[in-house]
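Dropping the structures in below, format is structure tokens.
The two complexes that follow have chain A in common; it is paired with chain B in the first and with chain C in the second.
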Partner chain A sequence: MRADLAFSYIRRGLLYLGLSVAAFVSIFPFYWMVVGSTNTSPDIAHGKVTPGTYLLENIARFFEMVDVPRMFWNSAFIALVGTALTLIVSSLAGYGFEMFKSRFRERIFAFLLLMLSIPFAALMVPLFIMMSRLGLINTFTAVIVPGIASIFIIFYFRQATKAFPSELRDAARLDGLNEWQIFVHVYIPVMRSTYAAATIIVFMANWNNYLWPLIVLQTVENKTVTLIVSALSYAYVPDYGVIMISAVFATLPTVLIFFLLQRRFVEGMLGAVK
Partner chain B sequence: MSSVKLSGVRKSFGSVEVIKGVDLEVDSKEFVVFVGPSGCGKSTLLRMIAGLEPITEGELEIGGVRMNDVDPSKRGIAMVFQSYALYPHMTVRDNMGFALRFAKVPKPEIDRQVNEAARILALGPLMDRFPKELSGGQRQRVAIGRAIVRQPEVFLFDEPLSNLDAELRVHMRIEIARLHKELQTTIIYVTHDQVEAMTLADKIVVLRDGVIEQAGRPLDLYDDPANQFVAGFIGSPRMNFLPASVVEKGSGSVTVALAHHDGVRLTLPVTGAEPGQDVTLGVRPEHFGPAGAGGADLVLDIDVAEHLGSTSFVYARAAGEPLIIEREESRNGDETRITVSIDPAKAYLFDKQGQRIR
Partner chain C sequence: MAARIVRREQINGWLFVAPALVLLGIFMIYPILWSLWMSFQTGRGMSFSFGGLANIQRLTQDTVFLRALSNTMIFLAVQVPIMIVLALLFAVALNDTKLWGRAFFRTAIFLPCVTSLVAYAVLFKSMFGAEGVVNVALTAIGIGPIPWLTDPFWAKVLIILAITWRWTGYNMIFYLAALQNVDRSIYEAARIDGVPPWARFWYLTLPMLKPVILFTTVISTIGTLQLFDEPYNITQGGPSDATLTLSYYIYNLTFRFMPSFGYSATVSWVIVVLVGILTFVQFMVARERKRT
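This part shows the complex of A and B:
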């Protein structure tokens, strides 16, 4: 009996130890980033992990070194327009796949899912050549367009649409709405939790996108936050304080979006239709 | 108000035919109920009338006008769904006025019609609530209100009470009957609950496997079923069926012997059967009388007795065959064996194909 109790304590202790390590690994980089943004580069290099007093200096130097408003505008434009277009196109596709029956529906959908298995690295070069032939290199269009029809988001919307009551569509048809009006006036409002969750996922993916913008955006004035932040670390003598504050700035929009849509995000991930 | 006419209506999903040629006339202001077991096509038929399912073959007329290819919103119909189908993001008021807003009806007129429907259904205090803040019964009333606001020629109800509890179902049933009286509209109502069908309908249409088995007034179907299916479907508890064979034919009557009851014979006022023919005898639970009351006596072993107060239903076996007997006088829970008699004047005879022998 006592051995059982001891075993239970040990098991629980190990569990908490494991969870604590996982929590530390998850939280520490974020903590270090925030604390680092208040310290000088030498302090950070020496491993200082307590808050310092150099926050404003770091911010000032960051604004000196980088055209911050421009960088944010570039990222915001790409992320917002890209997110809006992705949601429109992918939710329409998800809705269509679930609502309209056709003999080829499942085959086409399976083919789309198969596309998920192709790594982006394999598509990068053909995509670049396509964009180059279309004369779109170094434009935001080239960054946004390839992501608009997101197979993952189409899949996500199709799954979520399974919970959309078909009787609502019938009722709307009897009320005189055509398919587009049903989509706009009934489907979108009813599925707003799904849209909120998808907004967070797509916005974060767009905001954090690095590889593709790195390839197609070639002039400094068009570069996005991720490219600039990463470029800061390539300097001959990197200023870690500035790098940390730039990372803080880069993180803020996604954190903001997440907190704004948090409640709906949870509902959306649970597939709630209310 | 409008009549509805279906002529040779068929519906196929791919190679599967689900409605196999339906001819039906629904008179103006008539309350018609489609009943039948699950999968019989009653909801599909209703959806075809609504325009939510295309008609593969045949003609649909509403108010004398062919409606096969007319948009659902322009057929002059309104539908109440089993799951209510209220728009969850709109208040009760907005739900009810949505169709009119889309039809560009002026706002004062929308308000007038919505308020009138709210008055009829006593929805006043609920108008600014969202559907999730309403009970099942309230939601169903809002769904009916939404239909009323459209001022349809024909109301279509698709199992509207199935999601409600027993008490509320009775209440809403009365409400719908009252509404029919007040609005004087044509109503087509789908249910699998034959109590709803019997209490609400002017005309019941019994469907099976996509064909109409019988259509007529509720008590006509009850008293004079066309076949064994209708006889078994209409009436609760259902009719008892006993295998038998014709042993003798007289003038204006036949005598049958029950297959599993040696020596039990019954003479029925039927002429359409021939000696030697295998038949099925149908007896409603309430048509068993006390032993020796005439006809034939059966000895039953009681499995379960349900005493409902005014009456009792006895679930029993006679020579291994399950039977349900209604006994108004019985309140004795200790009986294990009883003898009852079959009233031959109220028994039915069916042939091997299930058709009524008259």
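This part shows the complex of A and C:
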């Protein structure tokens, strides 16, 4: 029995050791980013892990090298407009597929689920040619429009709509509302937590999007935060202090959303799948 | 009267889904079919001519393509299992309500998937430099510096480490959610019957998590087959193409060199076919296990 007890203590110890290592490894890059933004580029390259005194210099150089307000506006515009349009179009479709069933539409829906596994890599070449023929290269329209109808989000809304009480819809019909009014005045308010969770997922995806904007946005003044971060690290002599600041800029909005809306955030990620 | 209501239902049904269907038609169905058609075209720039299977023939002789394909498959075969096992272990450990600091560990391990792929890639690049913080630490404990960015083998290891860092917590969240739906009394009964912990994990937990494991394996597979942001920003595909992936190669073919749209469409269809085959295989394996 004593041996058993000792064994269980050792197991506990190993468990906490393993989890602590995992937590340390998970958090360290964040610490590295924040501390790095206070150090000089050579210090960062040589692995200095203690805070330095170069924060203001790094920020000043970042603003010198990059039109920061412009970059931030580009990302914010693409993320916000993209998210709003995606939510409208995809929630309409999710609602439509669930509320108005027909055999033909069920088939289309099944087909869409199959298309869910089409990789973006297979679309990017024709999409690029399409956008260049339309003269939309280097525009935000070209970045935003292909993502508006998201099968993933349509699926998410359809699943959530299954929990929408049909009595509410019947009551609204008796009150003389038409289907569009029901959607706007009854469905959207009732489903606001679904909308909140979907907003987080779509906003994150848009804010962090990289490959498609990299292809489409070609001039410096149109580049988004992620493109700038990448361009800074691609420099011939990368200035790591500035890169760290830019990484903080890129990460801050999503980290803030995560900590402010932690439960919704996780719900959104999970809900998209159930 | 009834017929009129049914017809109005039909019209409304189409109106609600129409915007999405039109957009999907233009930006998904049409491009994917177009790229299939393009994959039979040869020629550079905007001048195409029908080439039959010439592109497929070119694939088999293209050493850069073959390297990108094998790199991608190595990332897939090594990284996805490691990540899924780690995520499962963390989920099972963190599912214990008596665990001290549970919320902290959960948040910490989940935190990496809040970062943008580019931002974390750039951080990893700075940490794993020749004299970077990781090599400083490795030297301090006597292992010595590792040529992460300049050696073909270690560059692959670095990419695998990076993706594992970014996505393990994401997968863990799915397993944790699934574990929370499991009836605890089954575990109680097994424990009282003297079933050892590993057997409880193997015979109770794993079978119940199978649908979620299948799901996460499928999305990780699709994600890894499209790997681009990390190799592009950490290793630039190098050294000597050691971390070049299929997506990266398509990008190079289309946007770096004189574009050869037909051929890059062919390479992109390789990804489509791989996704299809691997997803199918994973579903079959899961079904096979269910029967036995």
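The rule is simple: the second predicted complex is superposed on the first by the 255 of 274 C-alpha atoms of A that agree within 3 Å, B and C clash if a C-alpha of one lies under 4 Å from a C-alpha of the other, contacts with A are read in each partner's own complex, and residues count from 1 in each chain.
Quick note on the criterion: a residue touches a chain if its C-beta (ideal position, glycine included) is under 8 Å from a C-beta of that chain, and two chains touch if they have at least 3 such contacts.
Keep in mind it's a predicted model, so treat the numbers as computed, not measured.
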{"item": "Simultaneous placement of chain C and chain B on chain A, clash or fit", "value": "fit"}
{"item": "Partner chain(s) touched by A:Pro165 [first = chain B, second = chain C, both, neither]", "value": "first"}
{"item": "Partner chain in contact with A:Leu174 - chain B first, chain C second, else both or neither", "value": "first"}
{"item": "Partner chain in contact with A:Ala205 - chain B first, chain C second, else both or neither", "value": "neither"}
{"item": "Which superposed partner A:Ala45 touches (first chain B, second chain C, both, neither)", "value": "second"}
{"item": "Touched partner set for A:Val266, first chain B, second chain C, both or neither", "value": "second"}
{"item": "Which partner reaches more residues of chain A (counting touched residues only), chain B or chain C", "value": "C"}
{"item": "Partner chain in contact with A:Ala76 - chain B first, chain C second, else both or neither", "value": "neither"}
{"item": "Which superposed partner A:Pro189 touches (first chain B, second chain C, both, neither)", "value": "first"}
{"item": "First, second, both or neither for A:Ile137, with chain B first and chain C second", "value": "neither"}
{"item": "Minimum Cα separation, chain C to chain B, after superposition on A (Å)", "value": "5"}
{"item": "Overlap of chain C and chain B interfaces on chain A (superposed complexes)", "value": "273"}
{"item": "Chain B-facing residues of chain A, complex", "value": "165, 167-168, 170-177, 181, 186, 189-190, 192, 273-274"}
{"item": "Residues on chain C engaged by chain A in the complex (per definition of touch)", "value": "9-10, 12-17, 19-21, 23-24, 27-32, 34-35, 38, 86, 89-90, 93-94, 99-101, 104-105, 107-112, 114-127, 129, 131-137, 165, 169-170, 173-174, 177, 215, 218, 222, 225-226, 228-229, 232-233, 246-247, 250-251, 254-255, 261, 264-265, 268-269, 271-272, 275-276, 279"}
{"item": "Residue numbers on chain A that touch chain C, as the complex places them", "value": "15-16, 18-19, 22-23, 25-27, 29-30, 32-33, 36, 44-49, 89-90, 92-93, 95-97, 99-102, 105, 108, 112, 115, 117-130, 145-146, 148-149, 151, 154, 179, 183, 204, 207-208, 210-211, 215, 226, 229-230, 232-233, 240, 243-244, 247, 250-251, 254-255, 258, 262, 266, 269-270, 273"}
{"item": "Of chain B, residues touching chain A in the complex", "value": "47, 50-52, 71-74, 77-79, 81-83, 85-89, 98-99, 102-103, 132, 150"}
